[in-house]
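Below you'll find a set of structures to go through.
Below, chain A partners chain B and then partners chain C, in two separate complexes.
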Partner chain A sequence: MSTSLDQALQTYIAEARELLEEMEAALLRLESAPDDAETLGAIFRAAHTIKGSAGLFGLDPIVSFTHIVEDILQRLRDGNLAVTAQLIALLLECGDHMQQLIEVVAVQGGQLDATAHAHECGLRERLYSYQQAVTEEACMPVVHAPEPTIEVCDEQHVSSELWHISLRFGPQVLRNGMDPLSFLRYLNSIGSIQRISTLSDSMPPMDSMDAESCYLGFEIELQSDAERATIAETFDFVRDDCQIHILPPHGKIAEYIEMLQQLPEDFSRLGELLVSSGALTPQELERGLAAQENPSGNQPQQLLGEILLEQRVVQPAVVQAALDKQSQLQEQRSREQRYVRVQADKLDELINLVGELVIAGAGASLLAQNCQDEALQEATSVVSGLVEEIRDGALRLRMVPIGDTFNRFQRVVRDVSQELGKDIELHISGAETELDKSVVEKIGDPLMHLLRNAMDHGIELPEVRQAAGKPSKGNLHLNAYHDSGSIVIEISDDGRGLDRQRILQKARERDLISSTATPTDAELYNLIFEAGFSTASAITSLSGRGVGMDVVKRNITALRGSVELDSQPGLGTRVRIRLPLTLAIIDGFLVGISQASYVVPLNMVQECVELSADDRRATRERGYLNLRGEVLPLIFLREHFNIDGSPGRRENVVVVRCAEHKAGLVVDELLGEFQTVIKPLGKLFSTLRGISGSTILGNGAVALILDVPALVLQITRQASHAAQQPAALSICAR
Partner chain B sequence: MSIRTESQDGRTLLHIEGEMTIYTAADLKAQLMPHLGQDGELEIVLAEVCEIDSAGLQLLILAKREATRNETALRLSRHSRAVLEVFDLCNLAAFFGDPLVIAHSPNG
Partner chain C sequence: MGALLTRETDLRQSQEEAQYLTFMLSGEMFAIGILGIKEILEYGQLTSVPMMPAFVRGVINLRGAVVPVIDLSARFGRHNAEVTRRSCIVIIEADSDGNTQDIGLMVDSVSAVLEIARSEIEPPPAFGAKIRADFISGMAKVNGAFVIVLNVDQVLSVDEMTLLSEASGPALATPS
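Our next item is the complex of A and B:
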């Protein structure tokens, strides 16, 4: 496959996946609002576009299956079929199957295996039963009759129920690499060519005939349920140098006449041809010709649009198709104008470069400061301001709203709640909260797991809920918001909550805590994130095997995030995930201890306080500081990291906040803000606690980035129960 | 693509072998032209045509038209499957008026 076609195919695959997601979301919306024409339209367009583009790439299995789905959707849209829960469930399954088709046929270029094929046959049959039902219904006497319309049509419209397509290919078509025959074959895929006449009248005598020019023309009677837009799209590539007329079933005689006049062949010969092919009856032709010679108005040069407006009796289907096409085009155009598709690795490359730029910029400002040249300093400060903006802009490019990920769970919740026989509704808020794309990609699985857990273990069966005096419908909430430089995702349910006793018992069984310890609720609940810890009495297909929660925690920790759990017996459970907004560059606050520099993420810094000589003595013993009447636990970084040398003349406290906890970091020097490009630490340092990464300073030295959440948690825990045995400490979740 | 000429009972048999497509059309036309002006019956054997597109089809139409104009007899014979498919697609069997052997198609 050539590169450009391959690229186009990649674009198609990406688009099809998006469309399928949209389609799924719209189907779920349809469940609650079955009469929403706009939603139906969106579903239809998604299926329609997937089919149309698949046709261009010759992905026949996709075309053929999607065609049936589209047909059902068309019937829904026309009101011939009612939206039912079963039908939506079926269409959702069809969506899944289309997804599979795209993965197998378009991505891998393969064929469906036997099971998938059998599944497709099943789907086809069920879809077919809906098609049948409609036809039977239409046969019944009480039909909202299209009959009168046809009668009206009889005056100005032809009786043929087929599309008439008239094609005259331009001479360059063959040289441009197009084969008119392939268009006919494509028409056969979206409908069926009932009659066709091949015309070669424009072919010159033998001597002047050029074998590489195209002289062919076709008059086609096409039977198809497709819309005009679909048929017209077939000829997108040749529209410019070809004469194309597409007349809908029951088209206006006037349009036929006009077409006949525009075509190069002899008028009456073509007229006869149309009559013989059944497109026109002789009467229709005569009447049209008579009208032509004796126009009703006095203005012979009436514009086509005006004629159409005058003759109000237009077929609704035609108008609808035209309107659809227009709105679709507009939609597409506006979408194209708003978005540029960029490959993710190009963005990564850009962000890497920006990172290098930040480091180089820091180096330049350092030199400028050493030179003590004011003009130069001025210039470098402007440059670093701009670099900062570029950095923010580049990082924003990678930011995507989390809503797409959230919306995917609607389906999961729907399916799982049906499987479990529970009535559960998912409420989403904060969908517009943005975070880095790479984080979004990695957070999907942990979230899915937490949701399933909440549905399986958290929310009770309807009877149990009613017995407990709760509404039988369970509620799941997914919420996201920004909080001091990180994003917080909350998953909460109003189920039974965690069973404290059972967890305690299990933890003791597994020797996770000693039999005499009385851990706090929070500590106990967080034990469920330990490997192999499951309290579920029954193992279901969803959860309870004791794998999962530890994986969730590991995944989140790998993203430099943290997870905590909070539960009220009988009222519900809330899991809170805290993640950094981005993985690449942060605003840092540079502090110095002896010769070493450390970076504290700026958004966690609350304030800086000088530690006076008196306080110093007092705090060394106590380990905390009286900050305006508040107890502030202190971490002496010099001792913590075992740095040699004696403390400087003055020490400072950097007050940091993480989640609900505050702590003070005691350092020698405050060196100010610093744009920090995060360089991950090697595997060797992966077990290092309190350090989350490294960065390079302007002078080329390395500074370590402090893992503030870890430090803060460690110190608050030490402070709150210094007497606790270490076994409980080491296993608690960060 | 090549044309093999053969005489048989006063008829000229032209065996077209290979593809009749835009890539070979100009060449094919040059080889075909001398035969079209001649008197006597002409038969074009299409058994060895493996591929035919619009350009190839045009040449057959041209040949038929010239023959009709000169009132000479032109027969197309032993159509290959590729040719039959195209004739069927464009509904040209009647135009050429030759007896066709309906090939057994795998789809029934």
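Our next item is the complex of A and C:
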């Protein structure tokens, strides 16, 4: 049982984190659209769920703090409080604190340290000030649902001012990891339990009792201002296997009677119990019993339940509304249930297996091709088709939209811009662009760094911007889109741009370029990704220490990605990150050089051209090919990789494209498409450039995967250096 | 000297004898402790990796894992080993920064597994050996002849080999 409880706690922690993120996003939305009731509702629900579930686990520090936050949110929702920037800032801080509480209390099972505690006290005080402000202003009583009617002296209604809750826990409750006591504890957090009677009637004799079953029932008198729904929600987790009756203060006697009838225990005994606990007066009980025996005179046999039914039929509209609401709730619930939580490592395991399946499948189809058995070939081709679909499906499981990562930065931008005294707005587009989860996890930090850099160095102070004739509000854009098998993430600002002269001067100081060379803008700007390169004259707390940009680049390179930078003085800077969609399996194009096979990622291949005998000599001298009037720089892989042996009888050019660069890879043979399971080469090969990994072919041999972006970059760099002299190659050097 | 041995052999240090695999390389006999050895393969389908130093022979497919193969002869600074009918790849579990990595060691031929008493192993000579002194863990007397017991951790040090390939890589990478 303890393990399932532990699992439930883990689920709670994961959910709470997600809810807090949602809450934060919603709060930020609220800042721009303060009247959006839906957003407010979302924030309230998030806080409410966090509190409710925390109550179930007995995480009291979370419950008590969140309760106050929830209260404020409730007031906001009721319109008793106005949304102000101050209040949102406070609620954001509260969100942070709840995060901390969850980390400390739920994850580590510890207590807050003194500073955090002091922080909480501060927050509480500020929250109280809002609470009080409201109670003074809003003397008008909040109109609740029609249930708590105020006609006390009516014969139909009981005089008790307390909620009556009748609980019969099902035998499975303990096994399902629920502790009945935690529900009672939670009830105390939304009201106060005035009286409680424990019923152990269903407890079997000692020898037949199952220690893991729950036999308890409770009759509770609760004093609370909460609505029925709030009280009912307490029991959300056990509703299915328990009998729960909640009767409002001054409820109808008939309802009490109906409840008593439905309960398993002896009717009169329970009646007495209720009388003794003060829920009913003796007179009320008598009246109810009499009514049951002789409900309306001429129909003595009619059951009380039916009477109630008739009563309900009188107000069909009310019933219909209730039913509609119920079905809505169910629909919402089923929508939520369409998601299945799966542990990430299970998914990774699956993808590894699919990878092995792809390799084994390739081996099988290779063998089938060597046999003359057509039926076998047919069968294997069907299998490989299916394997391909499974592969795509499995990889899609791990694809997540980048929007969640992007949205996290709203808060960062908000906080940092306030800290810097700048007015900056973050615009997000392409949030639905999907990429592999493992990539998403690793891209957060580099993005954060680039954003901070843009805010700190890129975007100017409002006065400076106005002086430069720009609107005082700075704009940051985060954009993502798919392009030829990679995902491109763009971070652009409309700030001052990079200072070409300063970078050039710094680069010469640091001997990164010779004092006579005149590098292109692109080359120069990309120098800021070199280690220890910072042009910021003043070091701020955010950036400017020169550590960071090289780390950004290293992290991105480790993901087999690339980063480039473009800047217009006075107009802004744009950083473009290009990442592979997945780190596991890709479609490859197999090429051969001598005996060795190499894989080119298929989505970078544009076309293949055969190099005619005439062309061969000429291109070898020139180093480029005239492709329909376009200059295509060539990489002679045999020479580039120092592969022994003479060139094959014929050579082919594989035209690849990476970003806006095109290049031709000269190879011997074209071997066709191949599903490539990427196997990392290990640390020993970490310094290798131009090869990004390896894969296993159908015949068991290892083939190397070409790192096309690195090769293309290398060739365009060479070309741009060669461009000092004549050459039409400068086109490729941008 | 204990530090030079693998952890597994440390455990056995108290015992009198330890087992060693002996193999031939350019006519000389070498030995390595048997505990780090996972398996011995016939030299087969190997994919060479371009732009790596000569001692990185290439990579092989070991039941779905890609494993680098080190040419021991070239690692000792000699010429690359010739592939013969008796060439073998010894798969060794090497330790690098707490991570274990399988590395293949290409040798001319594998001889035998011998039990050598600790008393029969002498410390490495300070000078005069044909290979780097830090590669030698000791000199074992087998049938009256000396066999060099290799310090596998040092010979297959991933960190050192990575540094070496970094140094040699760019030189090879710039095409003429």
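In this section, the second predicted complex is superposed on the first by the 540 of 734 C-alpha atoms of A that agree within 3 Å, B and C clash if a C-alpha of one lies under 4 Å from a C-alpha of the other, contacts with A are read in each partner's own complex, and residues count from 1 in each chain.
FYI, contacts are C-beta pairs under 8 Å (C-beta built on N, C-alpha and C of every residue); 3 or more make two chains touch, one makes a residue touch a chain.
The shown structure was predicted, so the numbers you read here are calculated from the model rather than taken from an experiment.
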item: Contacts of A:Ile691 with chain B and chain C, given as first, second, both or neither; value: second
item: Touching partner for A:Met203 - first (chain B), second (chain C), both, neither; value: first
item: Partner chain(s) touched by A:Leu181 [first = chain B, second = chain C, both, neither]; value: first
item: Touched partner set for A:Leu56, first chain B, second chain C, both or neither; value: neither
item: Touching partner for A:Ala703 - first (chain B), second (chain C), both, neither; value: second
item: First (chain B), second (chain C), both or neither touched by A:Phe218; value: first
item: Contacts on chain A seen with chain B and repeated with chain C across the two complexes; value: none
item: Contact set on chain B toward chain A in their complex; value: 22, 25-26, 28-29, 33, 36, 53-55, 57-59, 61-62, 65-66, 86, 89-92, 95
item: Complex contact set, residues of chain A against chain B; value: 169, 173-175, 179-181, 184-185, 188, 193, 195-198, 200, 203, 206, 209-212, 214-216, 218
item: In the complex with chain A, residue positions of chain C that touch it; value: 45, 47-52, 56, 58-61, 64-66, 68, 96, 101, 103, 158, 161-162, 165-166, 169, 172-173, 175-176
item: Of chain A, residues touching chain C in the complex; value: 356, 359, 596, 636, 639-643, 679-691, 694, 696, 700-704
